[in-house]
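As structure tokens, here come the structures.
There are two complexes below, and they share chain A, which is joined by chain B in the first and by chain C in the second.
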Partner chain A sequence: MMELNLFRLAAVFYTAGTAFAFVYLYAREDKWSRWMRWCLYAGAAAHVASFGFRLQAFWAIPENRFFLPINSFFGALSFLALATAVVFVIVEGRHQLGILGAFVLPWALAASWGAVWRASQMGNTEIHGLVPALQSYWINIHPAVLMVSYCIFGNAFGVGLALLIQERQVKSKRPSELCYRLPAIEDLDSLNYRLIAFGFPILTVGIIMGGIWAYGAWGRFWGWDAKETWALITALVYAAYLHMRIVAGWRGRKAVYMSMFGFTCVVFTFIGVNFLSELHGYLSNR
Partner chain B sequence: MAQSLRIFRSVKFNVGLVLAIVAASAIGTFLPQLSETPEKVDLFLHGNPFWGKIFQALGFFDIYHTKWFMGMLGLIAFDIVVCKLWKLPPDNGLTALPPEFDPKAIEAKLDTMEAAIRQKGMVAEFSCRAAPAEAMSAVKRMIVGSGYHLEPVVGDAEERSALVATRHRVQRWGSYVAHVALVVILAGGLIKAAFGFVEMVPVLEGRSRELQNKRGWEVFVDKFTVKYYDGTRNPKLFSSQIRVTENGKQLAEKLITVNDPLDVSGTRFYQASWGAGGMFREVILEVGEGKFLPIPQRKPTLIPGTPIKVTADVMMPNFTLTPDGRADTASLDLKNPAVRFRFDVGGKLTRSLWLLQFNPTVAFSETQDGVLVHAPDPPMKLADVEPILFSGIQVAYDPGYPLVAAGSIAWLLGTVLLFYMHRRRLWVLINPAEGGSRVLIGAWSSRGDVGFKKEFGAYVDRLKAGIGPAGSSSGPGAAFAGNLEAQS
Partner chain C sequence: MQLVLVGVSHKSGSLDLRESLGGVSAEDALRRLKDAGWSECVVLATCNRFEVYAATSNSGDVDALATHLQAWSNGRLEQGLYSRRDGEAVSHLFAVAAGLDSLVVGEAEILGQVKQAYQAASAAGLTGKLTNVLFQRALHVGKLVRSDTGVSSGQLSVASVAVTLAERIFGDLHKSSVLILGAGTMAELTARHLLSAKVSRLHIANRTWEKARTLASALEAEPVRWEDFPRLLESVDIVIGSTGASEPVLTKAMVEEAIKVRQGRSLFIIDIAMPRDAESSIDEFEHAYLYSLEDLEGLVRENLSMRRKEIEAAETLVGAKSAEFAAWLQEAAAGRQAALRHSADAAPRS
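Right after this comes the complex of A and B.
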């Protein structure tokens, strides 16, 4: 119960942080950005504390000991929310781009409230004994690495959205205040590319780790399972984006559309495919 | 030859090819596949005869093994080889310098270089009091001290001279290593498809099965164990004590669990699944308050104190009813075991009754034509079932795996080089000027422009501090402004 209460508190802080991010979008004062940041810190702290309680309960089952509790939908959404917030704090800290909070933090918000909804549906936070296939150290690496890449792509999606808005503003005869608040199109384009170029190797390495795990568990590196296939599709779409940007020189809107298509594949891979996959149906309780 | 290969080197063609692979791969996830769920393919064909025929003709029900899909994968591998061979050796990151013995060529090159430097995204220019030779020495010291690889200085040190330097030159191999890794991984997959196999072998505990893909090989399951989490039917462990023989001679034995297979000369035996096929050793029937009767499968057993004999003959591990009201099993998991009991008196069948282990209040009478009718208040209970389980052993031989593993490591290395290392170049041109020298510096970074802009500004400031700015140049920190900054 303590775990869920702390998690709800984290979700409330993320909500407040997102609200401040939207206020900062239109208000000039930097204090809103600072408030956003403090809310994120507080949310992350509550989230980590909640995760600590989750770990304690999860590890009380001997078969689960030393494995990460991210095998359930609640666990995965919780991990995604935390990782999205942390990745944004790092990006924002490096580039002083608090203005992008309004475009990125809704993903952390959706993941955290999605987890709260899931817990209310299931009546608990889904702490169960791991099925034998998941009792492997790979569960600490393969899904975690993939979800970190999803968070990076989520941040890139937010940056791409900001780029599209900024481009519209720049072309507009009457640009709003937003035009002066958002970074230049070139900077957003560069950041979008750099985030994807950073996340792409992580995504592909995560997929390869899954293949190595599958070889150890079932004797085949690749099986064209729906989840595997959609992870590959996601990687191929981002590879196409990287080639078009690096080799063919795509910039701006065209490149962003392609990267957004990649993120659509990420979302489908994470949620939609659970209802198609025989092997990776853990999130849909199959 | 060059012309005919041009299309295969086109990035747009190859991105189109990748997107075609993406589309085909996606189709395969929405349609049932013969290799995974052949029964669902049949259902689809019956439910959608028009589209079913079209999809079948296109190979959509086994899409990942169709010739055209394999052809696309082969073509992308071919294109990668063509693209990368074409560009070998990779750009070494340095502007080619002219032979030093040809002064005219040097002059021409230095002129070209000056124009080229001014085209760079990051440029700084300043005057200093130091003579050209002294300025060049200072530049070299600073650049080498910053970890750059230095090319020989070109030109007359006393007059006009230039140098080119790079850092993280190995980054230029990242793209090659990553792309070649993909080809290696695909080659590994091809070898597996040609020479490997995967075979699912369900073996009842205490029995054995011959392998279809390995003549003379037989796998014995001496003991199969399954343990559940307390109070649930969720397994926490399942394992098999297995032996593998070849023409009767034992090759190996091991207790295999999920994620811990037995390896026999490259052929691996995995604990993949388990289930109940309907056989059981005995069931325990509660025939009265505290009266339990063990009944072996298909062995008529007299109920004590009565003339009735009972036979337990069929078990459904996950009992369900078909739409026409017959007994069936939803899966081979022991989630809802039910057993059919036949009662007879003097050899005459009096009743067939289905009892459910986990739902003792639910029972069904079976009519002569096999239809089940709800039977309220069953007179007895199915207390326990001791099923004979089968162990699902997946046998796999994958001679391509070492290549796939090597390709995966190479991919990791290549992408890290390509995306996480920032190759940087500096071009420095020093011209003699009144009262000293004039230094022109251009810079380029493969990635991380924002960080490198700060770094470049710091280089320029350090240089200016080191060789003493002339009166006409601006102070430290103002030398760089992102683009061309000419200070005359």
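Right after this comes the complex of A and C.
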């Protein structure tokens, strides 16, 4: 219970942080950006504490010992929310881009409330014994690596959205206050590119790790399971983005649309596939 | 301790301040005041104002201070001189630091000048508890007003609006290169603005080669032969049109050719020529951003009206911060301990 309560607290902090991010988008005062950051720190702290309780409960089951509890839908959403917030704080800290909070943090918000919703549906936070196939050190690596790449793509999506808005602002010849608040078009474009160029190898490595694990657990490297297929499609879309960007010089709107399509694939791979996949479904509880 | 202020500014007299003060610099003034026995004073001297802030135990000293200033000016300052005490002196200094008393309201330079004035006094050993707290507070309020209100946002000239827009496209301009078409006064003015934004390269093309060369050498730019400028469109980031040509010199076909090799990089075209230098259909290209003189003038008008609104918010903030400080000053004068927070909280905005 402590775990869920702390998790709800974290979700509330993320919500407040996102709200401050939106206020900061329109109000000039820097204090909103500071409030946003403090909410994220507080949310992450509550989140980590909640995860501590989760770990304790999870490891109380002997066969689960020292594996990470991110196999369930709740665990995965929780991890995504935390990683999105942390990736944003890092990106923002490096580039002083608190202004992008309004574009990125909604994903942390959605993931954390999604997890709260899931817990209320299930009546618990989905802590049960791992099936033998999952009792492998790969469970500590393969999903985590992939979800980190998802978060980076989530950040890239937010940056892309900001780019579309900024581009429209400058093109309109009547730029509003927002234009002067958002980063420059070329800076957003290069950040979008760099995030994807950083996330893509992580995604690829994550998929290959999954293959190696699958070989050990199920005796085959690749089996065209729905999750595998969609992960591959996602990787191909981002590969195409990188190719068009580097070789064909795609920039601005066209490139952003492509990267956004990539992120749609990410979301589908994460959620939609649950209804299709036999082996990777969080909903099928395997 | 009490705070007194005596000074003269562009608001109180239209005379040339430097001339009327007989060339007395801030350092001279500090030295003379020290010799005259003043122990705590700061002299703020700019092109538009000359003010002495002093802490004293005797409120009658304000007249003594005024007498000093008049003596330096040989009596020429008689009319323009104003004096303030305590709370009024505080709110005056805060308003000055916030740029609300400046010729161009909200200008940024004054904050640095207040800082320099304070540092000079400090170096001369002429600051004490009151002046230290007062000036640090004034600098804080000056920054707060600029960050929390729009009083210094929005550029007020066509050239500076153009530079601000360029920064919305390219970010920091130090990697951007610029091509200027024409070598007239407007071309030069815009070029100087861009140079102060530290653009990496400046090319100047003009139909008359000699004129291009003259302006280029004055600005340390590169002159370009008129027939060569279309080729430069492939590499530059910003193009400024300011020729006196009667027909557009920058055609859609030229830009189309250039875009083929630009790899999607943004091209910002600032057309400040009358009649226009660039064909308006250029704007149809995704990565080309074309602003005409009317567009830029429209933005200047918007900025002006916005700034007028923001002045009210800035005045409210300065008023609140001055009252807070005046209360502290009173407590301190009565010998009581009072805390002054450097809170970043703004006064409620109307």
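Definition applied: the second predicted complex is superposed on the first by the 281 of 286 C-alpha atoms of A that agree within 3 Å, B and C clash if a C-alpha of one lies under 4 Å from a C-alpha of the other, contacts with A are read in each partner's own complex, and residues count from 1 in each chain.
One rule holds in what follows: a residue touches a chain if its C-beta (ideal position, glycine included) is under 8 Å from a C-beta of that chain, and two chains touch if they have at least 3 such contacts.
The structure displayed is predicted, hence computed values, not measured ones.
Judged by the touch definition given at the top, the superposed model places A:Lys31 against chain C, while chain B stays out of reach. Looking at the superposed arrangement, the partner reaching more residues of chain A, out of chain B and chain C, is B. In the superposed model, A:Val145 lies in contact with neither chain B nor chain C. Of the two partner chains, chain B is the only one touched by A:Gly216; chain C is not. By the touch criterion stated above, A:Pro175 is placed in contact with chain C alone, chain B being left untouched.
By the touch criterion stated above, A:Ala81 is placed in contact with neither chain B nor chain C. Contacts of A:Ala110 after superposition on the shared chain: neither chain B nor chain C is touched.
Contact with neither chain B nor chain C is seen for A:Leu6 once the two complexes are overlaid on the shared chain. The interface of chain A with chain B overlaps its interface with chain C at residues 187. Of all the residues in chain C, the ones that touch chain A in their complex are 147-150, 153, 164-165, 167-171, 262-266, 283, 286-287, 289, 291, 295, 298-299, 344-346. Residues of chain A that touch chain C in their complex: 28-31, 166, 169-171, 173-175, 179-180, 182-187, 249-255. On the chain A side of its complex with chain B, the touching residues are 61, 63, 95, 128-133, 135-136, 187, 190, 194, 197-198, 200-201, 204-205, 208, 211-212, 215-222, 224, 226, 229-230, 232-233, 236-237, 239-240, 243-244, 247-248, 273, 276, 278. Listing the residues of chain B that touch chain A in their complex gives 11-12, 14-15, 18-19, 21-22, 25-26, 28-30, 33, 35-37, 64, 188-189, 192, 198, 229, 232, 234-238, 257-259, 261, 268, 270-272, 394-396, 398, 401, 404-405, 408, 411-412, 415-416, 418-420, 447-450.
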